[in-house]
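Chain IDs A, B and C follow the sequence of writing; residue 1 opens each chain.
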């Protein structure tokens, strides 16, 4: 008799035949995504501190829950749980979506999705990233919405179109009031993505174009072009990213212009180059180098064009060792350096000064399958 | 040797024989309760905004963990995690309880329970509700306590008695100080529930009476009478709810009287009618209509009797489609309207004005079994 | 083709052979650690209130995820989720670590660990504790770091060395600014632990010594010596704890000296005696008594030596009943009393007054294996 908010209620299938538990257990994985390290931190050349850090801890449940339905959920334990004003779900929850596999070509997505930006940096599991480049670090990457994808016959090319909320928080939480700017009634992001594979998987691409409606008449255009060469011992990835923002969505330039009383900068552009080189010394040892260069531009009010404000460099040489044969766990040692160079214009007009920092980290990375 | 806060410690069964893992896996379900939608929102006839929303995401684990013990846990990812001052557990956690099946008649409950209010609206899985009526929307529905239930021989009737904390937060957090009112030493809720089944399950009831001790000498009486007719193609549910509150626990009337400086209204009554009609067009398609009417009454200080302040109407026509044969997942389209009509008395005395809103939603609902 | 932050990315094992799901399911447990009670509370002899409380609800996942790797994760639902400034992970997360079993002697630990303090009180599952003694109650017990342990051939003795962050929050969050004190660049805790077993397990020890670097030139020394006698019907545990703190890390004495304007007391000492007696009346019934005595000392500025400020007594007689043969669940009834006696010195200098409280609790305790 008793139900108390259980699920038999309104279904019209009298006894809903449950998806076989056996199959579920075989197809669904519970994963503890971890990156932990001991790190020694330096700022402008001075030793600041040492500490153990749990850089990443994201619990994940994913898998096929039905012949045609795939589920994925991922939640962070390194972020305060705060439901967001637009999409209602906690920011700590990265992913909570369903994928419907219509046929061998078409897939439909719905829920809190990973926005399908291009680029191999963003496509990697976050635990494999030692430090994100600027555009990704400051973007809302997990958004509620829907998508559809189409794979070509040979599965070598896949095209995805997503329609998402432009953000998780509302306009005023992000930008406060801006004179002359009116909140959009439907602040959306439309993302078009192409994943390609050439030469038997030796050369791959993840390219995307996105348009965001930040406010009435205020848009953001974003290109991200990821390219990968996968050799036997050697792998190269190169991402080019270009984000043109009528309102400064990332807030980096705004943090500079704040010095002269401009809380939200307008007509901003971020351009990013990112590369990762991997050299597999052996089955157990991988040498890598990550390099990044992020440029920030701003068009001063009344000015005709954008001026460069900053070059942010990143350089991460390191080694990764896989001690176990049949467990995806690596021990790493890495030098993670960042250098922020401001242009003369930014120094004089906005009072910025160059600075840099680096840290030396050793630690463990694993997308540990725990169930 | 090592234990470190593991569980072998004080048990007097030297090797506790664990409940067979096999059985656990068969009997316990992990469920992602989801309701997501794309909605277009209107207020007083004006289009306000569109957005994707994760209305509900509640992860649930439930099942028999022992021949005589059942466990249920449910936690929301759409609510801030804040331990409560009375019961110590986060408000985001709906359920965390054990049920002991003593024999075929008696069951004992303990933990954070779903208060056993009557009514089919409240008894439904929250993901099946597009909008709650006032009394449920503003009540504390998940409370720590204990209960006992007795089922008749034929299992057609079940009686439950619960003793619960009256709330999760303490008196001052809810009401602040009220002159002349003293906090109760044991603010409890006692709930008596009858679940009945007649004519081979064609007609069912969930009736309940509850009494709450809100403060010394201040009580709340609550009747909820749920009735269900289940035909082959047609289903009707009707709930009548009546809540008489010496201190305004729901806070709806207080939000009106706040205009004239009365922060916590006294001698308040809420009366609610709720109905849901379902017509199963086919195995795959269900048409439904939800209607609700919530009346709010208040007895002004020095007045002799309660006066009606507001009628809140709700009307939700919609369609639900089940695209999969063997998966409890539905796609819905619904018009969710609300209309708030104030009486002349409320308009003149409290300065209230009528308003209404509606939204047009399409989305997905599923109590997805993921493990 | 699609990956989207999944885990195949940088691994150099082309198809990572997953640890057999079958084995995982057999070896990994999901546990709901619960302690719930109905309690009647008294302060200084006066009945204050009654309530149902979920004292503990900690979800845990643990087990061998690989022949040589063990994983443990435990998270509380009775604490706000707040990532910490030093270790980045939420305080609600007790444990999130990996253990590598190098060989039969050596183990290596990494992640958010249970600091390996000695003593049987701390070593117990928190759900088995009705009230913690002062030192444990006010310490940061779960810290990110690394450890190594060595077991003797006969497995009867194990030695562990841990290096941990000294705390989860930074210096200023804990102590604010203290004149003359400089933050340490690496505030660490080093813990040395010995777990011994004698006379066929009849007599056992968990002894530890720890040193904490709280600030430049400011240390904390902590001894915890746990001893256990395990008879057939009778069990005795006795813990001696001694914590000498150049900066008052526990904050108990500081809460007294705050009265005379000293926010962070210096040169503080806590000395604690804790004992638990168990008498197994039968397989189903256990009688127990917990006694504790915590002394707090302080060396006034300019004084030569430490003076006792307070004796905090605890006494918990009770009974535990195991109603099920094959389920680790106990029903308890306990009287939990605390008495705080201040010395004349503390009364006169710091204005403290004696007080006491007790509560009468009945409830349920279970480390319930749910999957």
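As a convention for this text, a residue touches a chain if its C-beta (ideal position, glycine included) is under 8 Å from a C-beta of that chain, and two chains touch if they have at least 3 such contacts.
Source: prediction; values computed, not measured.
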Rigid-body rotation angle, chain B and chain A, from Cα fit (steps of 5°): 120
Fraction-based call for chain C against chain A, same above half, different below: different
Separation of mean Cα positions, chain C and chain A [Å, integer]: 37
Touching two or more other chains - residue numbers and ranges from chain C: 25, 30, 81, 92, 371
Of all residues in chain A, those that touch chain C in their complex: 25-26, 30-34, 36, 38, 47-55, 57, 59, 77-81, 92, 114, 116, 122-126, 128, 149, 151, 155-158, 160, 195, 197, 278, 280, 283, 286, 288, 320, 322, 324, 326-330, 364, 366-371
Touch list for chain C against partner chain A, complex: 1-7, 9-13, 16-19, 21, 24-25, 28, 30, 61, 63, 65-66, 68-69, 71, 73, 75, 81-83, 86-90, 92-93, 96, 98, 110-112, 143-146, 164-165, 185-186, 188, 371
